[in-house]
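Okay, structure first, notes after.
Which chain is which? They are A, B, C and D, in the order written, and residues in each are numbered from 1.
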Amino acid sequence: MPYEFKITRRVEFSDTDMAGIVHYSNFFRYMETAEHAFFRSLGYSIVTKQVDPPVGWPRVRAECEYKSPLRFEDEVEVHMLVAEKKSKALTYLFRFHKLNANPRVEVATGRLTVVCVTHAQGKMSATTIPKSLADQIEIAPKELLA
Amino acid sequence: MPYEFKITRRVEFSDTDMAGIVHYSNFFRYMETAEHAFFRSLGYSIVTKQVDPPVGWPRVRAECEYKSPLRFEDEVEVHMLVAEKKSKALTYLFRFHKLNANPRVEVATGRLTVVCVTHAQGKMSATTIPKSLADQIEIAPKELLA
Amino acid sequence: MPYEFKITRRVEFSDTDMAGIVHYSNFFRYMETAEHAFFRSLGYSIVTKQVDPPVGWPRVRAECEYKSPLRFEDEVEVHMLVAEKKSKALTYLFRFHKLNANPRVEVATGRLTVVCVTHAQGKMSATTIPKSLADQIEIAPKELLA
Amino acid sequence: MPYEFKITRRVEFSDTDMAGIVHYSNFFRYMETAEHAFFRSLGYSIVTKQVDPPVGWPRVRAECEYKSPLRFEDEVEVHMLVAEKKSKALTYLFRFHKLNANPRVEVATGRLTVVCVTHAQGKMSATTIPKSLADQIEIAPKELLA
């Protein structure tokens, strides 16, 4: 579906900290990896020259709520959903589930707003999301975002 | 003052990504470093056995708004303020300023909520902030938080 | 085979630096991930309580030679081989190949020596690799290590 | 002296892993930070347009020997020495000392070879170190490298 994507990853040793759990900053790396896989699923790289002029996607807002820790070798599903779609910006919702639990448990939720920019003379400026890409991206149904 | 702390750091090469700017996840590492320096300024380590039983401070909520990028070798001031103080939790506000700009410019703001926990039999549970520590921490004046 | 293991991973955005390539320190994270997958393939976690007393594997020597850069979204195969096996230590050889090249190209080689330790009273000391584990690990054939 | 540089840094929480010690890959980040500070001490940025054409310094070889762990809030001195100087490459030696020990203790040594390159049409090629920079860099005295 053009409004969501799921990736699964295994927690690596270097993702953990001395508290024995995934360092909280790494959830933001995990979110981004799901976003980039979503773009690939649409036939695009997030770092793309497939549109003219090339666009980039700097992050303007990021947040995460942590409910339960992730540990080394845990399997985590990162479920990305498109929560908002504006002419120049997208907002994603993320749900993190630990899969090696029975039943699987939601360990965190996240939210990320990114803006579409072009670069000219070393300066970024917000731009309309290229139509070829925007046409492929839908907002997720309300019930999935609740 | 027992309601704020400032650190200055220089952006390292490994903090940057292929977009040529500090990766957005690293602002959360910077926040935490300011928090830990604040604790040291009170005579405590965030990983402390100075209280009995030992307490830890897992993060339960983190957010950041990005206004302007940071680049390699930029000098950034991270100003931490205590925004909320509950019996078992603290919320900090962070302001990031790029110092090698004239005038200095606010590049990001952040917010972090941490909860005081003890560990027993491998399980964390929220606990009242030890009095010796809580007594030293004040909420910042409203005008600084606005 | 109990003397090698291969993993494939895709370069993530946060693995890159402002030079547009994977930061050189991340090759060491990649090596370790292959090592840990090798252990899992033997039925063990590198962080194991499956042996009594539990053992750990601190790194005592690490090296990497870089031949060609890796970039965002490249697919890299990390091929781990057991190069040396002593009573208390293992040395691995690693070959990194970029798969999305035709023909695939070796971009780096690495070498890692780890030592088996137990912890007692907060002190690590080298110990003989537990027999149940050591019996499963072989040194790779010479021609593969050349 | 134009053949060495020392930096001191405090181990951050996010530098540690679940073993409670600095993750071995981070020693390579620490090395690089000392190198870049050395360049700044000479009046250059490692990412420089101060020479024409601009040059970069990709790593071609890196190694580290680990003798004793570093832990959260340890103060570590990274002492960088120029060990070799060729027309197109430099090799540095690094000594890591934990300062909050009495006496201070050497916890690791490292070695890093970097090559001077220019970029043309998206391709890197090794180039002679610009004279203005090369003239400022000396090889450390033998007794310091032993």
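Here is the rule we use: a residue touches a chain if its C-beta (ideal position, glycine included) is under 8 Å from a C-beta of that chain, and two chains touch if they have at least 3 such contacts.
A quick note: this is a predicted structure, and the numbers were derived from the prediction, not measured.
Trainee: By CA centroid distance, what chain is farthest from chain D?
Mentor: Most distant chain from chain D: A.
Trainee: Rounded to the nearest 5 degrees, what angle rotates chain A onto chain B on CA?
Mentor: Resulting rotation angle: about 180 degrees.
Trainee: Using CA atom averages as chain centres, what separation in Å is found between chain A and chain B?
Mentor: Centres of chain A and chain B (C-alpha means) sit 24 Å apart.
Trainee: Mind checking the centre-to-centre distance between chain A and chain D? Centres are C-alpha means, answer in whole Å.
Mentor: Distance between chain centres: 34 Å.
Trainee: Distance between chain A and chain C based on Cα centroids, please, to the nearest Å.
Mentor: 29
Trainee: What positions in chain D touch 2 or more of the other chains?
Mentor: Residues 13-14, 18-19, 21, 25, 29, 32, 47, 72.
Trainee: Could you classify the connectivity of these chains, where an edge means two chains touch, as line, ring, star, complete or other?
Mentor: complete
Trainee: Mind pulling up the chain B residues that touch chain A in the complex?
Mentor: Going by the criterion above, the answer is residues 18-19, 21, 24-26, 28-29, 32, 47, 56, 58-66, 69, 124.
Trainee: For chain B, which residues count as touching chain D in their complex?
Mentor: Contact set of chain B toward chain D: 12-14, 29, 32-33, 36, 40, 45-47, 72-73.
Trainee: Which chain C residues qualify as touching chain B in the complex?
Mentor: Chain C residues touching chain B: 13-14, 16-21, 23, 25, 71-72.
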